[in-house]
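Quick one: the structure is below, questions incoming.
Chain naming follows the written order as A, B, C and D, and within any one chain the residues start at number 1.
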Amino acid sequence: MKRPYFKTSSDAPAPLTFTVQRIVRFEEVDPLGIVWHGRYPSYFEDARVALGDHYGIGYLDFHRENLVTPIKQIHVDYDRPLRFGETCTITALLYWTRAARMNLGFEIRNKTGDITTTGYSVQLFLDTQGTLLMAPPDFYLDFCERWEQGLL
Amino acid sequence: MKRPYFKTSSDAPAPLTFTVQRIVRFEEVDPLGIVWHGRYPSYFEDARVALGDHYGIGYLDFHRENLVTPIKQIHVDYDRPLRFGETCTITALLYWTRAARMNLGFEIRNKTGDITTTGYSVQLFLDTQGTLLMAPPDFYLDFCERWEQGLL
Amino acid sequence: MKRPYFKTSSDAPAPLTFTVQRIVRFEEVDPLGIVWHGRYPSYFEDARVALGDHYGIGYLDFHRENLVTPIKQIHVDYDRPLRFGETCTITALLYWTRAARMNLGFEIRNKTGDITTTGYSVQLFLDTQGTLLMAPPDFYLDFCERWEQGLL
Amino acid sequence: MKRPYFKTSSDAPAPLTFTVQRIVRFEEVDPLGIVWHGRYPSYFEDARVALGDHYGIGYLDFHRENLVTPIKQIHVDYDRPLRFGETCTITALLYWTRAARMNLGFEIRNKTGDITTTGYSVQLFLDTQGTLLMAPPDFYLDFCERWEQGLL
């Protein structure tokens, strides 16, 4: 798996990014003294949810349109551990695509700025009958247009 | 907090019990090498769900009646730790009451039969409008009658 | 279970308190749309850890003295639900005692200031051989003295 | 991401497999009524731990050799949801390699035998000083030899 995880053409708009902070909880740390590997989807989700809320394309925005955006794929690469009490930043990067999906990359950095963890998630668009949308919904296309025009 | 947690009159039917097994997961163990204290509501729930399914008074049975049984109170007493890979048994004890509530006690034992953890939960009956039921629903009263008559 | 959970004599120092914020995560919410009851020990711990860090009596402070402070008892009373995305405050209250234990109460409030959840935890002092301390360790007695003299 | 996730030469020993069962807990299900996507590393770990225990290459076997096997990479593909109370099977497949790593694939199937989720994990070998091993440790090479000779 090479990074960046998603390739975009050279004339595509740059990824939209959003960064949140998180402090490692005692309960998240395993007997080896490091955050258990299976907690990282939760870390990624913190940044994904915050990015979605910030740009109006979050869980509740899709819910209002009777749509859900289930995770189709998730991937995590572990570079450095995180320990109890550490503050880290989690950055979500939404990559440009015209396809009916949301491609997000993630970067977690520790207090000294080193990358500890990276990864990605792929989400699809589904209506409430569970039917897969073959094109993004209108409100999401509006969002993409503003993104392309540099208005975000 | 004295045990037993629930007092019943001497002529009340004995508690109904159900026991399940669980093996401690790596992710449940904290940096001190023992199951993190906050995981025990999950352990109790394993036995509560299994008892409910066994006696036809589980989550889905109430759901069918358009009722939910939210937890009103939970309590845990920690006597001994559990460690990674340990097999334990979790016993739920449903205590007799005519009130509109479910009073459950819990006992967790390790492989050698020692009690590691005890506790209780109290659940109420709510309809889908969120209104508290002042008496148990009919299907639950039927269940109580069979319990009282020793038919369970 | 009557509240306040811990009774202190009228001339005891007032509880020390510390409040933190938390936003409900999607993963914490159950099929009924509310925070699953078993997540609240984690909510309480956020405030307990922050209070401990603030007053120099946290996990790492005890660790430095080769001591641990295992949870002996935990209790939760559920008054109102919390939902996805809600911001709540969690207040920990450390109650005065001369006994070899830490008695903490907890109050969670939603955005409108209503109490949603209360509870308590009891912790004991243990050395690294697992022996129970019958009196608080010296550094904790120092802390208590400053507390009693109103110096905190 | 194409499946199978790991390519092995045609004369390599077939993957070793181990299958466990798991029943979906209420707490694992999200507001959409399906297992939250971030729980699946826990599902995979159930099968990985069981396979390791079965073949003598588990967490405690490495621990005895003063080694740990941290997760370097994890990947999950979501095909179908799982719901509360569903019983599923989780199969771990250990793929043959002479490199200093453990390559595991995973398949989760629902009651009717349909694949709901697949994925993989990559683990490295580390000594207690945190130094990466460039070749598998002796006891693991012994295990590989028995595997290659069809003795497992």
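One rule holds for everything that comes next: a contact is a pair of C-beta atoms (placed from the backbone, for glycine too) under 8 Å apart; a residue touches a chain by one contact, two chains touch by 3 or more.
Note that this is a predicted model, so its numbers are computed, not measured.
Most remote chain with respect to chain C, judged by CA-atom centres, is D.
Fitting chain A to chain D on Cα positions gives a rotation angle of 180°, stated in steps of 5. Put simply, the C-alpha centre of chain A and that of chain D have 25 angstrom between them.
Taking the mean of the C-alpha atoms as each chain's centre, chain B and chain D sit 33 Å apart. Centres computed as Cα averages put chain C at a distance of 38 Å from chain D. The set of chain A residues that touch two or more partner chains comprises 26-27, 38, 42, 45, 84.
Against chain D, in their complex, chain A makes its touches with residues 1, 32, 34, 37-38, 41-42, 45, 68, 70-78, 81.
Chain contact summary for the complex, chain B toward chain D: residues 25-27, 42, 45-46, 49, 59-60, 84-85. Across the interface of their complex, chain B is touched by residues 26-27, 29-31, 33, 36, 38, 84 of chain A.
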